[in-house]
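For clarity, chains are labelled A, B, C and D in written order, and residue numbers in each chain start from 1.
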Amino acid sequence: MPEPTLNSYLLLSAVLFAIGTAGVFLRRNLITILLSIEVMLNAVNLTFVAVDRFRGSVDGQIIVFFVITVAAAEAAVGLAILIALFRHRESLNPDAFTSLKW
Amino acid sequence: MDAISFWAFAAILVIASVLVVGQRNPMHSVFLLIVSFAALSGLYVLLGAPFAAMIQVIVYVGAIMVLFLFVVMLLNTPTEEAPAGGPIRRMFGAGPRHFGAVLSGVFAVELALALRAASTTLPGTDRGTPTPTVYDIGVRLFHEYGFAFEATSVLILVAMVGAIVLARREAR
Amino acid sequence: MLFGISRELIVHLVIIGVVFLALQITAAILVYMERKVAAVIQERYGPYLVGPKGLMQPLADILKLIMKEELRPKGADVVLFYAAPILSATAAFAAFAVIPFGADTTLFGFLDHPIHLAAADVNVGLLVIFAISSMGVYGVVLAGWASNSKYSLLGGLRSSAQMISYELAYGLSFAAVILLAGSLSLRGIVEQQDGYWFGFIPHWYLFLQPLGFLIYLTAGVAETNRAPFDFPEAEQELVAGYHTEYSSMSFALFFLAEYVNMATVAAVATDLFLGGWHGPFPLPPGFEWIWFLVKVFAILFFYIWMRWTLPRYRYDQLMEFGWKWLLPAAVLNLLVTAGAVIYMGW
Amino acid sequence: MSLLLIPLLPFVGFLVNATVGSRLSKSTSATVAVAAMGLSFGVAASVVWSLVHVAPVAGVRALDAVVYTWMQSGGLTIPVEFRVDPLASVMILIITGIGSLIHLYSTAYMHEETDGEYARYFSYLNLFAAFMLVLVLGASFPVMFVGWEGVGLCSYLLIGFWYTKSTAVEAGKKAFVVNRLGDFGFVLGMAAIFATFHTLDFQQVAGRVAQLPAETTVGILTGITLLLFLGATGKSAQLPLYVWLPDAMEGPTPVSALIHAATMVTAGVYMIGRNAVLFGHAPLTLDVVAVVGCLTALMAGTIGLVQNDIKRVLAYSTVSQLGYMFLAMGVGAFAGGIFHLYTHAFFKALLFLGSGAVIHALHGEQDLRRMGGLKRELPITYWTFLTGTLAIAGVPLLSGFFSKDEILGKTFASGHTVLWAVALVTAFLTATYMFRLLYLAFFGARRAGPEGAHGPDPHGHGPGAALRPHLHDAPPAMAIVLVVLAIGSVLAGYVGVPASLGGGNRFEHYLEPSFQAPTMTTIESVLTAAPPVTRSESAPPSESPETEMALMGASVAAALAGIGLASFIYLKRPTVADVLAERLSGLYRLLLGKYFVDEIYDALFVQPIKRVSTVFLWRGVDAGLIDGTVNSVGFAVRGSSAVLRRLQTGSVRAYAMSLFVGVVAIVGYFLWR
């Protein structure tokens, strides 16, 4: 079993990120899409921590801290919007909310 | 020992994430995501960042995911509706979505190549290097990043107000 | 060295096993205590048939539970329905893992280096406890949702809301102690509380943090969904709350989890505020953990006592209390402590 | 700091009344406003007291207060700096003192207004006071200009206070536009000054002027001063820009008293006094000022003879008195001009407020032909009004006498005999029309028929309100003010009793430092500056006491003659007036038509401008060019967006997709580059 290097961490986060994006495109449920976005965020966090470890600094962890905080805010507002949307159309399918166009 | 746990966590992480985006029941997605978070914090610990790991669990698992849970329960939409129309129309209707999935795969490959393009022989994250303590993080956070910290707190306040206003059922 | 396994490793595994068993035994004892105390308070006999003074009652209970049939309501989410009790039990046990319960000891010379008396000694122990206790919510919510029954759902929602609300005060009361001790490690905090004022008042944070201690206890009760905050299972309103639909072992797991959680809360309280294994007078080395046990059980008794004495709140009252009184009080306490640390150098 | 407090207090009053005023009761908002002014007066008094006791530094006696640096660019640094020197001190005392009195008066006068209007009125009034104080205290041109524009604005607002009356609105607009013309000159003057002296601070300007050898720079200085004087004519209603003041009488009477008699209109005079040194170096301008002032005085006086609206008469008398002041300035008798300004403030405010009381009693009746016989009915008003009339007419031992005589004397002394003669005639006219006014209003019999209260009726009483048998005299608040002012206009003169009458003329000596260049300069530069300075100093070649007495006698004689004539015509033979009007019908109509100046201006400026604006600016430029451009741009945008908007599918996923494609592409590019 090979010893994990920085690269393996970065690769892992890349895969994670890709999974997240795929979820954003694939899912037809806004909640799940938000979850996928969280996955992407965490992929980035992993990169930060890994590089942090590599450079022996703490800035990465601090940035992770900020990312998480902002993610919390994002989730709160996003879910609130989601609830408001659901009240208007009994659906969470993003394709149901295409009225904001030409 | 570390190697094993790394690969174990990585496996859990990837599988859980795949399942998060891979099935239609948001409830399951939420719980799988929690699992993946747990694995992630495990990786953080391996990386000598227990603080980050704990924050990850406390904030993400302890707060954000609960929020998601509430919404899922509140709206009670167990599974996303299956794509409408017959098989052909479904195929083409789904076209762009699948394209997106493929695209993200391409993206992953690109990143992998980029990593390969960079020298693969990066020094490993050996346990020898001293792990920064919470104290170090705190000092740095409240000095260099003091302003960012305050700004974030304001942001959260705004988000709170915004969320309440948005989700409040307007009285009539 | 035997079989190439160091004694430390063995001892470590042993400790883990001991903690695990101890917790289960504690749960059993608690069941018995609960009923006896209740009986005393209500002037009844309580269990007295099984074994002397009904001491074997918990065993009987467990047997009964095991014998029972596993029921699963129709339309329940299979995976989650069974995952829920496991999750809460796991969380409960995991939380206790980081709690140190005795001074370093060589086990009377069995080891050449003294060893920490804790299943796992983490230098961010408090954070771990906090994290895992926040994990505990999921078992409840999950159970509530998965068993596809309105009582369960309501119970689950209620308890999760309740836990979330009280986690804030809970965490803040931690923070005050962390400020005093200047460490996130439970062991470190306990070490800080060594010694005496004027030679006889033990140097416990209880005396520096009376308000903090009260807040912690209250929040702890809410965290463990005990009376007078036992809304998740408010019988009169919700049959049995989130575990209405559970039976047999899965129910037993919830039961176990509840008592283990109580034990955890009590143990943390002991380490944070009551000086862990430091007692009013020192015990011979290797036996300090007795102090620890005494204090933990004192607090547990207090819990049970409270349950059978106080009536249940109303839910809105609970929320109001949590947000409008407990939280501000905790914040105030934190501020005062910070001020004291800075200006009076506590 | 207390210096800053003086304008600040009224401003606070303004803020209060402007923001929450409409919710306050009348008494409250009135209290706020009056208190603000009163306090401000108190502070001003204390400041002046400390000023009197401060030792002159480099020939300048002044207190400074720098608030903050307003603007700074290149060599230009403009601090918001307030400075009080003798001249300013006199002004602030007048403004805050008379101002407070008039505020008090207004509390009663405006009482019929609704709460909101009431508060609005007082907020404007306070704002005006604040700006006026800024104007006076400003230590540099820009700061002064702020006040200058501010008072212009307030006067506009207050003239058009009854904005439902079209005439009022028109008058307001007129005042505003005419003032713009003046300000235009003022701004240019400022620019020229900065270009010449590289500073805008009054003291520094004065100092540098004093250093300049006069001959070399006469041209520039003349230009500058003429521009400034243009501004002054605009603000102080001199020829040719006086036309707005009579119309300004559409405003509430206390406003006319405060703004259009006591304070704002004297800003021009003050400004010239403030730049005495500058003007002193431009003899030509001084002559212009003198002539213009003199002509204005005469013309306004003649018009005043025949006007029938009580307030208009007073307005024209104001114009002519201002003419007097400018005359004084023109002949270099700066102190004399300010002295007259100061006494005039008292008796003219008094007269206006008296007329206000009359109008109040008659429920808005302003036409002299409908008054008469009010002597018995409004005793207080009558006696105070009489005092004011005597004062303005220049009857000996009242304030007006001293100041007017001072001016006449200085004029004669400075050798402008013609101007002196004209001024004398004007004095005669003044006496005449003022007493005509007095007689028409208070003597004889009531001429108002049952259809009494026609004409402007600001208080919204229905017609026939005048049918009431008994007219109520001024209510206490107004009465008190009238009495105080009457006493003032009797005694105010005694601070400046001329030497020839055994007075030391302390006023003049007190003011003198303000009109001299600060001696921060080297000796020789002072010497070079000496010749003009002597002329600018308000100490003209002193003539022998005999001549002075003789001059005094002349002016007194003129005044008495005027009074005599008036009493002859309007008391003895009331018919004579009409007969005269018959005989000299041409002249009469000319005067009644105010020399048709308005009409001339209309034909000369207004109509052409209108025509140009309609034909060229509106139809051509605006409709054709600008609108054309705008519209075509709009069409272009609309057309292109009609195509582009197709991209807006409204599907979030599509947007995310496009974004992500971009990301992948870019990463790929950097990978295979």
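Definition applied: contacts are C-beta pairs under 8 Å (C-beta built on N, C-alpha and C of every residue); 3 or more make two chains touch, one makes a residue touch a chain.
Here the structure is a predicted model, which means the values were calculated and not measured.
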| item | value |
| --- | --- |
| Chain whose mean Cα position lies farthest from chain D | C |
| Intercentroid distance (Cα basis), chain D paired with chain B, Å | 73 |
| Computed distance of Cα centres, chain B from chain A, in Å | 5 |
| Distance from the mean Cα position of chain C to that of chain A, given in whole angstrom | 34 |
| Interchain centroid distance [CA atoms averaged], chain A/chain D, Å | 70 |
| Multi-chain contact sites of chain C, meaning residues that touch two or more partners | none |
| Residues of chain D engaged with two or more neighbouring chains | 653, 656-657, 660 |
| In chain A, residues with contacts to at least two other chains | 21, 24-25 |
| Set of all touching chain pairs, with the criterion as stated earlier | A-B, A-D, B-C, B-D |
| Of chain D, residues touching chain A in the complex | 645-646, 648-653, 656-657, 660 |
| Of all residues in chain B, those that touch chain A in their complex | 2-4, 6-7, 10, 13-14, 17-18, 20-21, 24, 26, 29-30, 33, 36-37, 40, 43-44, 46-49, 51-52, 55-56, 59-60, 63-64, 67-68, 71-72, 74-75, 77, 80-81, 83, 96-101, 103-105, 107-108, 111-112, 115, 118, 120, 122-125, 129, 132, 136-137, 140-141, 144-145, 148, 152, 155-156, 158-160, 162-167, 169 |
| List of chain C residues in touch with chain B within their complex | 77, 79-80, 83, 122-124, 127-128, 130-132, 134-135, 137-138, 141-142, 145, 153, 156-157, 160, 164, 167, 184 |
| Chain B partner contacts - residues on chain A that touch it in the complex | 1-12, 14-29, 31-32, 34-36, 38-39, 42, 45-46, 49-50, 52-54, 56-59, 61-62, 64-66, 68-77, 79-84, 86-87, 91-93 |
| Chain C-facing residues of chain B, complex | 27-28, 31, 34, 50-51, 54-55, 57-58, 61-63, 66, 69-70, 73, 133-134 |
